[in-house]
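What follows is subunit A paired twice: with subunit B in the first complex and subunit C in the second.
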Partner chain A sequence: MTSVIDQDQEKILKIRGLRVHFYTFEGVVKALDGITFDVFKGESLGLVGETGCGKSVTVRSIMRLIEEPGKIVEGEIDYHGKDILTMKDKEVRRIRGKKIAMIFQDPMTFLNPVLRVGDQVSEVFLLHQEIPEAKRSDGKIDKKKLKGLLRTKVTDIFKIVRLPDVEELYDRYPHELSGGMRQRVMIAMAIASNPDIMIADEATTALDVTIQAQILDLLNDLKDELRTTLIFVTHNLGIIANMCDRVIVLYGGQIVEVAETVELFQKSIHPYTRGLLKAIPLIHRPKRELDAISGVVPNLVTPPEGCRFHPRCYMAAENPEIKERLCVKERPDPYEYFPGHFVACHVRRLERVDEDAGLKPETVYEKIETQ
Partner chain B sequence: MAQADVEESSVELKEEVETPDEDNLIKVRNLVKFFPITGGLLSKVIGYVHAVDHISFDVPKGKTIGVVGESGCGKTTLGRTILRLVEPTSGEIYFDNHDIPNLPSNQMRHLRRRMQIVFQDPYASLNPRMMVKDILSEPQMVHRRIIQRKFSIPAFVFLLITFLGFIVSLIINQFGSAIDLSLPGVWSFSIPLPSFSPSDLDFLNSSLFPVVIYSSFALFLLFLFLAYSVRKGPSQNQINAYILRILREVGLDKEHLNRFPHEFSGGQRQRICIARALVLNPDFLVLDEPTASVDVSVQARVLNLLKGLQKKRNLTYMFISHDLSVVTHMSDIVMVMYLGKIMEIGPKNIFTLAASKVHPYTSALGGALPVPDPTYSKKAIILKGDVPSPANPPPGCVFHTRCPEAQKICTTDEPELKHKEHGHYIACHFR
Partner chain C sequence: MKYKEYVVKRLILLIPVMFGVSLLSFVLSNAVGDPIASYVGQSDDKISEERMAQLRHQLGLDQPWYVQYSRYLGRLLQGDLGESASYNPPLPVLEVIVIRFPATAELSVFSLIIAILVGIPLGIISAIKKDKVPDHMSRIAALSGVSMPIFWLGLMLQVVLFNVNNVLDNSAIGFQFPYHERWTRNDYPQPTSILFGMVPASGFMLLDSILFLPADFPILDSVNTSFLMFIDVLLHLFPPAFCLSWLQMALFTRMTRMSMLETMRQDYILLAKSKGLTERIIIYRHALRNAIIPTLTVAGLSLAGLLTGTVLTETVFSWPGLGRWAVNAVANLDLAAIQGFVLVAAILYVLSNLGVDLLYGFIDPRIRYD
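And then the complex of A and B:
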């Protein structure tokens, strides 16, 4: 499942300095504070973090789906050499749903309750694919033939997502299906357009563990068969460990750590990631007590200056001098701690630079600053 | 009737019955809760949801029983039925040897103080218009009202009797010449009365009489004081001090007393709910998915808090969750439910035991859990299909439609919950 990512691998998405604000009654919610990362072609990338850390806003920005009162105030999202954020609406629509497809947590908000599920999936085909077989010799479309062709296409794709009794299912309405089946219909709609990138935003969160296992298994197989890139958004570190090649950890609208999955779980560097991993109970390794992170997630209207984690950070508390000078003032930029393993933390960076140069943290820092 | 529809599938915990009763705070036998399904023009009952279907188990004092299963398997209904927040269809529930379903409501009210519930959703279970101090003093007020009635009725009866005795003795005494209130050797005092009577009623003036009068007067004062003090109850200061102590126990403080629920984060709200459950000093808590709506860092603190409280107050928990790792972390005993029935009761590590040692559903659940450790490898059998409707559960073994090991017998015969080894029960023909 996990493979070493070749750094020279083709980058399908390049996200640079993404900043998103929501203009609400309480004030401006600074939801994303300059997010930068790459998505490699064919990889399965995880976006993990606690509620409100900006996972959904990040992936919705990729689809340019940020609506009022939100606004992408800064940033660049490069897809095949073009910036999605400055594209014409028409161009975005051509990408959205066709080249980049999304699977949401709650399919009921996405499915039309009064249309048969089969017809809804066939619309995706009509929208995104030419169906030349349905054309008559005079160039006009044979409606009846088209309908039959679409039905076969839909039932075929239902079989791919392992739905049962596909012929009968075509004529059912969304509310007649179980949660797991609806999610399969959503996945069918996502893969119907043969996308480059599939984004699953908490796609299995509402499902029971046995149904979740079915859907995860399906997504894993589809990813291999269709060779799409998969972006997996979840708060569940277990899903990340089982599904992703690489992980991005978010906290309060900032990226705190990026690493390959195995490395992240075995050698996490950032104090937040470490705290998160220590806080979860493990079924195979019982703990007497869980190590909890103190404090609460930041209010993003008035987020902490500098590193947004500093009010809760034990590492900053252990290094009061660095905390005063940097953590509370400057946003730490991701630093390549190990090859391909980025950490956004002042203390960690200084410690690393210190190790390399054999110098004291302050002097090293001064040296870098003046470079 | 619902009971009539069910063939006798009584599941007896024979071995467990042998353990002495004092060790088990909760004993449940053949508990059934069916919800009627109505339909048609006349809202006729057309069927039943088998929410809890012949369940038997024990919970030892001071221990935690974890209840796991997929949504709709009856976990919440089980917890609420034990507390009699939902009336059982049939079956027996004993709490500290009290027969819960047949307890008169006044005794139930008294017992309810000792069994509390913490709900899944801390947003919905707190009144948004009440400040924390009112939320926490409310159950105490309710309880105080109960004490008051219990104490003031006998107090009132005693008052009446002593008072009447006093009056009667005065009237009788009219026949004497005077009411002699002398305490021999202390003082002598008598109220002279006009005497119309023959002197053979003089026994009233015997030396015992003043003692009776004085003691009845003392009793009168005592009960007056008692009745009064109970009505008055603890002062607001005493209540506040008590609430503050509880609030500190759950990790909140004085400054939180005068705030409304919306001013708190999800984790803090759940602490308030836990504090509210603790106010009446219970012995048993049903924790219904207490961390399902909070993030992992908050969850860790709530779980640590619950474990700490249990140790300190010797609480018995029923910990309901669909999260296997949380249940494993919290429980001493784990109970696996499927479609209203118990599949297995066992030690907390059943989800990591070899598949041959546990119920097929238990090992499927354990295999389905995504473990946050990329190096942990497990053999996962992915169950097919969905959970059938609890309104129409499959015959035989309820799990047979999804069981990878199902045989012909499973479709017809329901497996008994059999004792395997100490404290480990499995309901499967092939285990």
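And then the complex of A and C:
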């Protein structure tokens, strides 16, 4: 097993005990319940999970974009030695869009309908970049020159994201572009200030498959060219397999498994991850009913005690003694199952302990049945 | 040129609207009362039956309604709206409208401007400071605007501004017009302006007073006179305009607040935030243009409503505008006046809606005319 991630590699983002609550009429939604992970410089990290598991909330917390009625109750997000969550608004604004940029899900609704797309992209330059060429000798800014310079910069960036007819495109409004083009405009906005971290929040979900492939290619190329760190949020495991070095699997606002992508696909440990992988329809497999994880996503106003997955967990069901003793009562802590491969599961941890003691149960390490 | 075509198309559509309106107003007003009444007036008991019949025949009122209507339409096409019988001697309706419309227009436009200038910023502030002190203050201001009857507010304003404190009456501005007597077109001093020569009075007092510049004085005095007149006009215009604008302002405030809050929840605002823009830029550059459209719709309707329906305010402030005349016309069963007024009102509504529709296109690029 070749490790993609060198453990000594620089950690660009350290997230510790992140807890986000939404205060709604039905009660407090505990959307994130103590999330802890690191992001390494230059890697591409996938966040995967079902709808409502907290993927988007996690990445929005990183940019402190949690809106009312949501609130970051607890936690720490360390970026270059500073905690983003306790920064002043002004400092956060200097990070947003400049150091950490986000590509959002739906290109239809995330572009402002009344502003020209070129102007929307040029805002990033205007905000985050010094443009010394636009200054006149007396130190004042030559507005006309600035406009021209911004235009060139924007059209250059348009070319990088492979948009056609860039000159003409600058003056277009979002509704005049196709979905794929709009997504490219959003990507242009994100890469405009050459950020350290690029977050793609379901960046391809709203697009059809061929456009998805194009956008993913583009993101992959850009990541290599710009050497940015990419955090990729999706519920599509196929995209994870293509794009990411490392994967974090979320369930009900908690991390259940962290592993390098190849390892995750080959030897997933957590029962939830296994369920997810099994649910992928494979084209070369004989047709049969899709495997689904039984049960439904937990209501996060009153999440299950202990491990949030236990009501749906087949492993807990197979080990009623452990379930009674631990799963329903204690929250499982991530356990380093293999080097760099963390799993939060009582049953798996106990098995591993048994194995270390020399009693090797056959269930510990198995490939997913190669279908 | 799509824009031009669109305007022309809309103006052509005005014709069927006018036709319908004229038919409706003709039928309805003839259904309410006997049209002969306004001609015989108070003396109807002294007029013999034969004389009445003769009058009816003379005026063509014994013809079937469609003949009467087609005659009316024929006169209408020649620009003859009939005579307003509530004047003594009767005045042509068209002339009455030409005299009275500027007074109403000046009042409504001025009050609309006040309402927009106050209402929209107030709405933005209360959206930004939602559920905080400024929001509550603006809610109170808006609610009192909506719930205060205009006739009461108008009377109170008069009492406070002109009777109790004599604030404005004695402000020693040279020209002291009695408050109730706004000049009518006839006794308006012909403005022999130094600059412009003989300027016909437009009836818009703010404009006329600026252009007045009497020629017989040294230039400084002349300018001074003109300026003082302007101030005076402003002082007389403000109370009724304020009265009218408060209600409109309340509407604009609430409307702007609501649509601003709605807009601030949109995805593109989140994107703007993620770019690191300041709250100020997000609000004024990204949110306001999207949020202003519903307010604009209301403002357009308000303008039409104000131009045709400032009845209460005009009555309370004895404003020589269209509204008061229309009420008198209804009271006197002055059919020609009623029909003329309804036609004008319809035209104003259609035109101000067209104006709003055209404004949409400037604000929202998604709206195109084809």
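Rule of thumb we're sticking to: the second predicted complex is superposed on the first by the 348 of 371 C-alpha atoms of A that agree within 3 Å, B and C clash if a C-alpha of one lies under 4 Å from a C-alpha of the other, contacts with A are read in each partner's own complex, and residues count from 1 in each chain.
Convention: a residue touches a chain if its C-beta (ideal position, glycine included) is under 8 Å from a C-beta of that chain, and two chains touch if they have at least 3 such contacts.
Because the structure is predicted, anything quoted here is derived from the model rather than measured.
Peer 1: Identify whether subunit B and subunit C fit side by side or clash on subunit A in the overlaid structures.
Peer 2: Aligned through their shared chain, the two binders fit side by side on subunit A.
Peer 1: Report for A:185: first if it touches subunit B alone, second if subunit C alone, otherwise both or neither.
Peer 2: A:185 contacts neither subunit B nor subunit C.
Peer 1: Tell me which of subunit B and subunit C touches more residues of subunit A.
Peer 2: B
Peer 1: Would you sort A:72 into first (subunit B), second (subunit C), both or neither based on which partner it touches?
Peer 2: In the superposition, A:72 contacts neither subunit B nor subunit C.
Peer 1: So, does A:175 touch the first partner subunit B, the second partner subunit C, both, or neither?
Peer 2: Only subunit C; A:175 stays clear of subunit B.
Peer 1: Return first, second, both or neither, reflecting whether A:117 touches subunit B, subunit C, both chains, or no partner chain.
Peer 2: neither
Peer 1: Report for A:13: first if it touches subunit B alone, second if subunit C alone, otherwise both or neither.
Peer 2: The answer is neither, since A:13 touches no partner chain.
Peer 1: Which of the two partners, first being subunit B and second being subunit C, lies in contact with A:343: first, second, both, or neither?
Peer 2: The answer is neither, since A:343 touches no partner chain.
Peer 1: For the overlaid structures, how many degrees, to the nearest 10, lie between subunit B and subunit C at the C-alpha centre of subunit A?
Peer 2: Taking the centre of subunit A as apex, the angle works out to 70 degrees.
Peer 1: Is A:96 contacted by the first partner subunit B, the second partner subunit C, both or neither?
Peer 2: Second partner only.
Peer 1: Once the two complexes are aligned on their shared chain, state how close subunit B comes to subunit C by Cα atoms, in whole Å.
Peer 2: Once the two complexes are overlaid, subunit B and subunit C approach no closer than 5 Å between C-alpha atoms.
Peer 1: Any idea which subunit A residues touch subunit C in the complex?
Peer 2: It is residues 63, 65, 67, 93-98, 101-102, 104, 106, 109-115, 123-124, 127-128, 173, 175, 186, 189 of subunit A that touch subunit C.
Peer 1: Going by the contact rule set out above, which residues of subunit B touch subunit A in the complex?
Peer 2: 70-71, 265, 267-268, 295-301, 303-304, 307, 322, 324-326, 328-329, 348-349, 351-352, 364-376, 380, 382-387, 402
Peer 1: Considering the complex alone, what residue numbers of subunit C touch subunit A?
Peer 2: 265-268, 270-278, 285-286, 289-290, 363-366
Peer 1: Quick check on the complex: what are the subunit A residues that touch subunit B?
Peer 2: So the residues of subunit A in touch with subunit B come to 1-2, 50-51, 164, 178, 180-181, 208-214, 216-217, 235-243, 261-262, 265-266, 275-277, 279-287, 289-293, 296-297.
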